[in-house]
Each structure stands twice: as C-alpha cells, then as structure tokens.
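What follows is subunit A paired twice: with subunit B in the first complex and subunit C in the second.
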Partner chain A sequence: MKRPKVGFFDFACCEGCQLQVANFGEELLDILDVIDVVEFREVMSEKWEGDFDVAIVEGSITDKHAVERIKRIRERSKVLIAYGSCATIGGVNGMKNAFDLTDIRKYVYGSDYKFFKTQMTKALHQVVKVDYFVNGCPIYPPELVKVLKAALQGIPYYVPDYAVCVDCRLNENVCMYEKGVTCFGPVTRAGCNSWCVNNGNICYGCRGIVSNPNEKGMKEVLTKHNIPIEFILNKVNMYNKCRELVEGGEDDE
Partner chain B sequence: MTNKKTLNINVEYITRVEGHGNIVVNVKDGSLEKCQLDIVESPRFFEGMLRGRSVFEAQHITSRICGICSCGHTLASIQAAEDALGFVPSEQTIKLRKLLLHYETLDSHILHIYLLAAPDLLGVKSFVPLIDSHNKVVRRALRMKKTCNEVCEILVGRHVHPISAIAGGFTKLPREKDLDDMLSKLEGMRPDMQATVELALTLKFPDFERDTEYVALVSDDNEYPMLMGEVGSTDGVRMNKKDYKKITNEFIVPHSSAKHTKLSREAYAVGALARFNLNSDKLHPKAKEVATAVGLKPICKNPFLNTAAQLIESVHCLEDCIRIITELKNSGINYNEEIVVGLNEHGKIPVKAGNGAGAVEVPRGILFHNYEIDDKGVIQNANCIIPTNQNLNNIEYDMKKLVPEMLDKSEAEITLGLEMLVRAYDPCISCSTHFLNVKFVNR
Partner chain C sequence: MKDLQYVILKKENLDGFISRMSRLRKVSAPVAKGNGEYAFEEVDSSDRIELKYKPTIMPPKKYFMPQEETLLEFSTAKGLATKPVVEYEKMTLFGVHTCDLAGIQCLNAVFSVRPRDYNYLTRKRQIDIIGLECGDYCDEHASCSMVSAHMPSGGYDLFFTDLGDYFIVHMNTQAGEEMIEATKCFESAEETHFDDLQSFRKKKRDTFKSEVQIEPRFIPGLFDACFESSIWKELDAKCLACGNCTNVCPTCYCFDIIDEVGLDLKNGKRYRKWDSCQLEPFAKVAGGENFRKERAARQRHRYYRKFRYPVAKYSKFFCTGCGRCSRSCMAGIHLKDTLNALIKESDSKIWKKWL
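The block that comes next holds the complex of A and B.
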C-alpha cells in the first residue's frame, strides 16, 4: 500500500501538540513506516506542493491571513484533522474574545497596536469543514493513534461524549469537590483518562464541554459545596469561550 | 569590498524553528541595504487575557505560551505569583523545581541538537533523510527525547503543560518508587549522552565571531544558576530581577514593528552560550570536560557555538538531575507538603495585593514574568518577556556582520548560512507574546 501523504500545519498555538509527536520516541519510526510526512515546518525544511491525504492542523484562526491559509489547506486535503484544543474548540486563545479587541491590542502593544491585527478567535470547524477532532491541551497521545488509525481506514472516530468524572472514578481518584476545590470534570468531555486529576490537579475543561451537560447536577454540586456560579462561568471561558461565537461576530481588523 | 553583487533574499517561514519567522536581506551593488528577521506569528495577547483571572490560574495559562518551554513558563509564572503573594516556597519544593527545569533544558537541548541543528551540519534538509542514512543516531535522539519526557511525566504528569507544579508547591509528590524510576532512567541515559558528545565532536561549526553583551542569571553561590539568582552581564551589569525592565529596555525599531531589547550596547544575547560565558566555572566537572573537548572557552563570541553550549549544558543537567534525585532519596520526601489549591477558593494560601517578578533561565535564555495582583489575588497587570524576543536584535546584528563576509558565496549558500545562524539561537517564535511583523519586502 502506498503510504498516505501527511502534512502538519499550525496556526495560533504553542506548538506543544506537535511536540507530542516527537515524544513518541522510537515508536515514531513505526508510525513513519505507515505514513509519509511530507510537510512539517517545525522539524522539516521539506515543502510539499501537491495534495495531502491527511492534514493535521494545530492552532486557532485569529486573523485574515489565517482564514485564507486554512481554506487553501482544506482545498488541498482529503482529510482534515483538528489537532489540540486551540484547533478543536479555540482553547486558551478564546479568552481574548471576552475583551474588546481594540482594547486588548492597545494593552499589549501600546501605541503600536495597529500593526497587530487580530480577529475573534475561532476553532477550525468554525471556518472550514473538519473531519476528525483530537481534543486536549495538550492532546493525549493514545487518542492521536486511535484517530490516525480511523482516518487512515476511512472510518469515523467518535470523541467520548460523557464526563471526565467517568474516567476519574475508574481511576479511583478522590473527587476534587471532596477536597474542597472546584473541578470542571463533571461537564468536560472524557478521553484523557482524567490526566490532570490523576496528578492531583483539577480539570480545566480543555477537551470541551459534553454535548448535553448535566446542568442540574452541576448546579447541585456547586450549591452543596457553596461555590458561586460566576466562579465556574469564568472557568468556562478559559478554554470554551469560542462556543459562544455566532456567524459574523464582530471582528476587529 | 569589491564585490558588486545585488541580492534579494526572502526566506518565508524559516523551517525547523518553533514558530514563524521570515528572513529578509537586500544587497545592492555589494552594500547591505536591509537585513532583518521578521516575525509573522499571529499575536495571541496572553498578557491582555490574564487580566481579571486568578493569579492561581496564571501558571496554567502562561504554560500555554509555548509547548517547548512550558515547564520554564510554568516556573517563571509560579515565581512571579509567589513573589506577588509574598509566599516563600519550601526547600523541598525548590529542589523539585530545579529538577523540573533541568528536565526541560535537557529535553529541549536534545531536540535542538539532533532534530533541528544537526541536519544542517550533516547537510540534509531534516531528520527524515537521516532515518535511513544515520538510523542509529535518529533512534538515539528519539530515545533520549522519550526518556526526558518520561521523567517529566513521573515528576509533573507530563512534559507539555505540566500538571502538578503550581503556585504554593506540588499537587502530587514523587513516591519512593518514582524517585528510583527517574534515577534509573537518567543513569541509563549516560551512554547515549556520551555518544552524543562523541558525535558533536565530529561536527564542524561555521567560523564566525561578533563581540556582544551576554546576559544571564548570576549568583554568589557555587550552583550554576538556572532557577534563581540576579541578572548579570558580561559587561558587568548586575541587577535584581524586579528591575527587569531596566535590563530589557524594549524599544521599537523603525524598519519593523517587532519589539527589540538592548542593555549596555546596541544588542545583547541570552541562552546557553550566554549562561556558559557567565557561569562556566560552576558547571559539573563532567560538563567542564566536554567544554574542554569541544574547545569552548568563555567568552566565546561565535553564536553558532550556542549549539555546543547546549551540549555542555545537557551533560551538566543530566549529572545534576542525578545528584538532586540522590539527595531526595537520602533525605526522603515530606508528603505533608502535597497541596490542593485549585483557585485558592478556601484561602489555603494567604492572599494580599502585590507586584511580583519571576526570572528563570529556560532553554533559550532568561525569561521574565511579572504580575500585579489585587487583594483578592486577581491579576490587574501582566508582562512576559521571552528569550527569543531578547535575541532578535542580536540576531540582526549578527546577520549584518555575516552577510558582507559571505558575499562571494552563492545566494543559496548565503541563505543557508543565515538560516543556520537563526536556528543556532534555537528561536522559539511561538512564544509570540510581544512581537511580530507583517512587513513583506519585494512582494
């Protein structure tokens, strides 16, 4: 079988999800046996002019230049995988959308702010069609392998649509609410094996919110533990602000 | 110079660097008209986004500035947060943080030496052709990279965006078995490190020098300063980290909208070579041996040798990690220090208004974080100054000296020389909190 041509691309992001690829170690060479990585700017100088069987795209869309570039990548790719929270849900870049864009530009760049153009942060599927989603900040490497296998066979991959709590219970963690802190696990999509809670921290919601969150249950938990609802809403913004975007939201430049 | 060459070099999207940058060089009739490194990364406005968020979230958010230096950002952020809160970390916490920082330095240097810089020195476009031609070398690189990742995973949950390191300490402390695992993995890395040194000795670095000021953390004790210290320079500057703005002196250059920095002269450099130039006498004896073997002596003025300094630091970090873990094994870990803070909902850590700074040596040089918080611990103002930002100006001055020296070479050779120079600094442009440029020449 001819190895499918794969390209890695990035937009506004920290490139940490691409780095996760290098962290596979020698197993990476096994993966490279079945796919032909033809473009990956972070680690390769080679550039590919043809079409891609699979494009793996990290990062959010935050300016006009990026909109054009992701559209071109989409046109050239049979399959497009949104890779990491910035790509799948807008991620931390979305926090910007809670501010007036001109104000935030002035705050960071002072009187030179006009050089620094930006738009409301968007997840990839808010701009182009996305075929597969690998959630997480950073992505959970075993899930990437699952998605790649699905993509290469042309079968769908369904992102778990139940709460992180399910994995967390299986891992026998003590509930963070019992420890007196506010965790986002009850409404966040599972699939990371409750990575953060296993390591003693809370869930921050980086995989996005389940499609049918148990709002009543969440409110009960918050009431029981005396936690104001605004507290949790502010937390939603850290990764999930972009879900509020409506068509034609006000862009700045 | 008699060479009347006219050149227009425009390298769009320099590859094998973290983030997006362009090189623009215009030479007309043998004289250099323009020589700059443009940053075209989309700005992400981290400092703006931090306003209104709890200082206990700052580490989680700013870690996401850069996937490669996420542990470094974490540590600089925690330091700034604790400084603002007036919280003093325990000795055990400091020791574990030093270990974490070493892990990242080791990981990042290995990534740079093998996957990003070595292809240039071996004359290929990337590590991919090396899979066939130098299979053992590639396997060794990936093996070492994976070990760094694994020890990080044991210590803080994962390397990219560490989980358990927070303001106040650690949410999970390594168990005895974890210490043993980390130790055996690191000791197991020694032969690969030896082979890395031997490989590096065969590489030939371009011959080039430019006198500049080197800036890094300095201290009065005998430890090679990475996590703590004052800021010093080879021009004799010494300042407290709180005065970081007097060190970086950010300014706007007319030809580009990227913010640049300078201290005692037109530009300064940070990174492995700067640290080596200031603190080489404090390196581990094994690292000093490597320095002697590669012939690196302070003050080394060849920026291409930053890669050699990274090699020397890799050896130092590996040996110092082994020392720290051995000490921790002997003293035992106090698990009462394990903390659950969340957003400090229940006031486990006393909060007061304040202004705090963090200065940490991350793989690419000194990183500053600064937060101003109110009496509820909410961030009012934030500032992060990253190493690559500080190196940009210095890189341009290097390019301006290098191009005239290479004018008798072909355009392709000059382009490669410039790309190699930029890559030697190991620039991390994705940390684009502070710069950018959208100036396209000749297009």
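The block that comes next holds the complex of A and C.
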C-alpha cells in the first residue's frame, strides 16, 4: 500500500501541538512507517505542491489571509483533521472575541493598528468542513494516533461527549471540589484521560464543553461552593469563547 | 468451645502477615489518598494500610472487571485470524468491607449467567478476598443496613474482625486456610475471643438500623408505583451526567466493546471498557435516536437497576449501601434522600396500607 501523503499546517496558535507530534518518541517511527509526511514546517524544510491525502491543521482562523489559506488547504486535501484547542474550538485566541476588534488592535499594535486587519477568531469548522477533531491544549498524543488510524481506515471518530469526570474517577483522583478547588471536568468533554487532574492540576476546559451540559445544575453546584458565576464564565471563556459565534457573521475589520 | 473455623491474629503480627503474603503474590489494600479519600492499591507491608476507612473511591470491582480489558486479538493480514484473550493475575485483596463483598457477589451472579463470561470468571478465581468488618458507620451516606450488607454473609476467603489488639479471623475457604498455613502468623481462637466477638456484634446490632423508613420487601412495590414520579424530574435538574454514581458503584457492570487496529491497520484487538447509563451517548443508536436523552430517564434507570430490575432477575437488590454514589455526586443527589422522597410521595399508595 502506498503511504498516504500527509501535511501538517498551522494558523494562529503556539505550535505546541506540532511539538507534541515531534515529541512522540519511538512511536513516531511507527507512525512514519504508515504515513508519508510531505510538509511539516516545524520539523522539515520541504514543501509539497500536490494534493494531500490528509491535512492535519493546528491553529484558529483570525484574519482574511488565514481564511483564504485554510480554504486552499481544504481544496487540496481529501481528509482534514483539526487538532488542538485553537483549531477545534477556537482556544485561547477566542478571548479576542470578548473585545471590540478596533480596541483590541489598538491595544496590541498601538498607533499603527490600521495596518493590521483582523477578524473574530474562529475554529476551523466555523470556516471549512472538518472531518476529524483532536481536541485539547495540547492534544493528548494517544488520541491523535486513534484519530489518525480512523482517518486511514475511513471510519468516523467520535470525540467523547461526556465529562472528564468519567476518566478522572476511573483514575481514582480525589475530586478537586473535595479539595476546595474549582475544576471544569464536570462540563468538559473527556478523551484526555484526565491528564491535568492526574498531575495535580485542574481541568481548564480545553477540550470544549459537552454537547448538552446541565447549566442549571452546574450553577447550583457553584452556588453551593460559593463560586461567583462571572468568575467561572471568564474561566470557561479562556478556551471556549468561540462557541458563541453565530455562523456567517460579518466581522471583518 | 473451640471452633476450628476461627483463628486470631495479634495486631503486632499484621505486618508479618501482609509482608509474607506480598512475597507470594500481589496484595492490594485500602490506603489513604488525602482529603479523607481512600483507594485500593498494592502494598508490601501493613504501613500504608488503613484499617478504618470509608469506602474507597473505586470499589474492588476494578480488579474483577478492569476498566479496559482485551477480549480478542485479531489479524486480517491473511483472511481473518482471531485469538481469544483472558487477562488475569493472581492476587489477594485485603480489607474488603461487607458492602463490597456484597458487590462482588452481585457481579458474580451477573457474569455466571449463561452465556458465562469466562474473562470475568477466570479472573475471579485468581483473586483471594480477605474481608474486614465495620463496627460503626463510615459516614452518613452509608445505607448498608437497609440492604443487610452490614453483616458478613460469605463471599470471602478470610474475614477479619478488629477486636482491639487482635483480629478474630473466620476461615471460609480452602484458599483462606492456605493463606494462614503459608504465613504462620495466626494463633488458635479461645473462649474469651468468641466472647469479645459476641459483644462486638451485639454493639454493632444496636448501632446499625435500617437507614430508610421502609421494609426491604416493600421496595420493589415502591418502585413499581413510582415510575412516573416527579422526583425523577427533580433529579434531571440537578444531575450533571458525569457518570460518577455508576463508575463508583460496586454493582454497575455495563461496558462498551471496541475493535481497534494497530497502525498497520491489519492487526488489532477487541477490548471492552466501562460504560455508564448516565452518559449522553449511552443509549444513542445508529441514526441518532437516543432512548434515554433526558437525564431524568437516565437517573431513573440507574435506580431501577439497583432496586427493581435485579430483584426480578436475581432476587436481590443491586445496592450494597456503600454510599459511594451519594458521596461522589457533586450535584448532591443522595440515594437515601431519593428513596425517602419516593416513600413520602407514594405514602398514600398501596404498599404501606397494611404496615
């Protein structure tokens, strides 16, 4: 079997997810046995002019150039995998959407702000069709392997649509709420094996919110623990601001 | 009177017993995890073992049906070749409370039904169980007395009762006797030890009273009357669908089966992993239909799987009163409260008329 041609791309992001791939270790060799990486800016100089069997794309879409570029990548790719929070849910770049775009440009670029056009931050699927999602900031490497295998087989991958608490309980972590710390596990999509909580951190909601969260119930829990709603919303929005975007909104500035 | 089924273990010899056992095979026992939580973990001495502990985060079912377990290896390289897999490990569980012993017995019943689950049954035979009696309630969430799981009633190889500076130990099986034989830490039980045990049990009977105001025999009827109760709607508003209640339950055994290939896309394995009826995708089928889309329906299902359906199928409750579901529920859905609310609501209905 000819190895499928795979390209890695990035938009607005920290390139940390690409680093996760580069840091795979020995398993990377097994992966390279089955795919032919033809473009991957972070680790190689070569470029590819032809089409891609699989495009693996990091980062969110934040300006007109990015829109054009991702559309072009989409046209050239049979399968498109969004990976990392920026690409799948907008991620931290989405925080921009909480501000007026002119104000935010002035804040970042000072008096020359007019030279820097920008748009509301979008996740990839808010601009082009995405076939597979690998959520997380950064991605959880075993999940990328799972998704890659699904893509190569041409079968769907379902991002778990239940709370991080499921994995967290199975890992027998003491619940953060027991420790008096706020955690977004109860409303965040699982699939990371509760990576952060296993290592003593809280869940920041980087994998996005479950499709049918019990908002009223969660508010009751927060009230019980004397946690102000605004405080929580701010924290949720750190990764999840883009979920509020209405499709087709005219937001060029 | 001398009962050959009983021996004693002086407290100072506990460490010797555990150390010697751990040299023979893996030993797991309850250890502290901080914040008043406990977990069964591997030990090689008695240092970390907590003799007074509230139920561990995960019940011992994690050893009987691992969260992920390979069932089959397959290859499609040349036609289809399959090889069944049974994963097991010889081990001893120390310090299992009576509620968890009851839980294991429920799982045994489920997996013994034909077609028998050989993965479970093979593994079970490799696990020796040493029970440990509670003299008092672990906390306010326990309802072991309601389901009569507070007293030992089998399901163990050895059973320890802490009587101050020694344990009196009941030998229930040959495997239990072999442990005593192999470690040589035990002494024969005398008259005074039985007196101690008797007064311990008497005190215990005074402490443990049914935690819910209903006779167990009326519980199935209560549930028959409450399927359309508004209580389930109340749970709908509270439940976050995090699945904690089922994952920590000693009798929940639902699993999903997944085929996964390796990177070569030819060789792979079929494995099962725990699933939960509380999760959104659990009852979702092809085409997108979800048979239990509402959290109310899912919570109700959970309660019926504890107090109604298994009564019809196995003639026993699948609640052991361990209290884990209540303890681990962030939203404060407490089993005793739910039962009391159902009882109150159906006050006027048939089941209580002739009390």
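Here, the second predicted complex is superposed on the first by the 249 of 253 C-alpha atoms of A that agree within 3 Å, B and C clash if a C-alpha of one lies under 4 Å from a C-alpha of the other, contacts with A are read in each partner's own complex, and residues count from 1 in each chain.
Here is the rule we use: contacts are C-beta pairs under 8 Å (C-beta built on N, C-alpha and C of every residue); 3 or more make two chains touch, one makes a residue touch a chain.
Treat the numbers as computed from the prediction; the structure is a model and nothing was measured.
> Aligned on subunit A, subunit B and subunit C: do they clash or fit?
fit
> Classify the contacts of A:S211 with the two partner chains as first (subunit B alone), second (subunit C alone), both, or neither.
second
> For the combined three-chain view, what is the angle at the C-alpha centre of subunit A formed with the C-alpha centres of subunit B and subunit C, to the nearest 10°?
That angle rounds to 110 degrees.
> When the two structures are overlaid on chain A, which partner does A:L152 contact: first (subunit B), second (subunit C), both, or neither?
second
> Touch check for A:E220: first (subunit B), second (subunit C), both, or neither?
second
> So, A:W48: does it touch subunit B (first), subunit C (second), both, or neither?
A:W48 contacts neither subunit B nor subunit C.
> More subunit A residues touched by subunit B or by subunit C?
Higher number of touched subunit A residues: B.
> So in the superposed three-chain picture, is A:K179 touching just subunit B, just subunit C, both, or none of them (first/second/both/neither)?
Touch status of A:K179: both partners.
> Per the contact definition in the header, classify A:N23: touching subunit B only (first), subunit C only (second), both, or neither.
Only subunit B; A:N23 stays clear of subunit C.
> Report, in whole Å, the shortest distance between any C-alpha atom of subunit B and any C-alpha atom of subunit C after the two complexes are superposed.
12
> Starting from the residues of subunit A touching subunit B, keep only those that also touch subunit C in the other complex, and list them.
179
> In their shared complex, at which residues does subunit A touch subunit C?
For subunit A paired with subunit C, touching residues are 30-31, 33-34, 145-146, 148-149, 152-153, 158, 160-163, 165-166, 169-170, 172, 174-175, 177-179, 185-187, 210-214, 216-218, 220-221, 224.
> Help me check something: in the complex, which residues belonging to subunit C touch subunit A?
Touching subunit A from subunit C are residues 33-37, 39, 56-58, 67, 237-244, 247-248, 260-265, 274, 276, 279-281, 295, 328, 330-332.
> Within their complex, state which residues of subunit B touch subunit A.
13, 15-19, 41-49, 51, 53, 57, 60-61, 64-68, 70, 111, 115-116, 119, 125-128, 131, 138-139, 142-143, 145-146, 149, 156-161, 163-164, 166, 170-172, 252, 257, 338, 340-343, 345-346, 430, 433-434, 436-438
> In the complex formed with subunit B, which residues of subunit A make contact?
10-20, 22-26, 28-29, 32, 37, 41-47, 62-63, 65-66, 91-93, 95-96, 98-99, 103-105, 107-109, 112, 115-118, 137-138, 176, 179-183, 195-196, 198-202, 204, 227, 231, 234, 238
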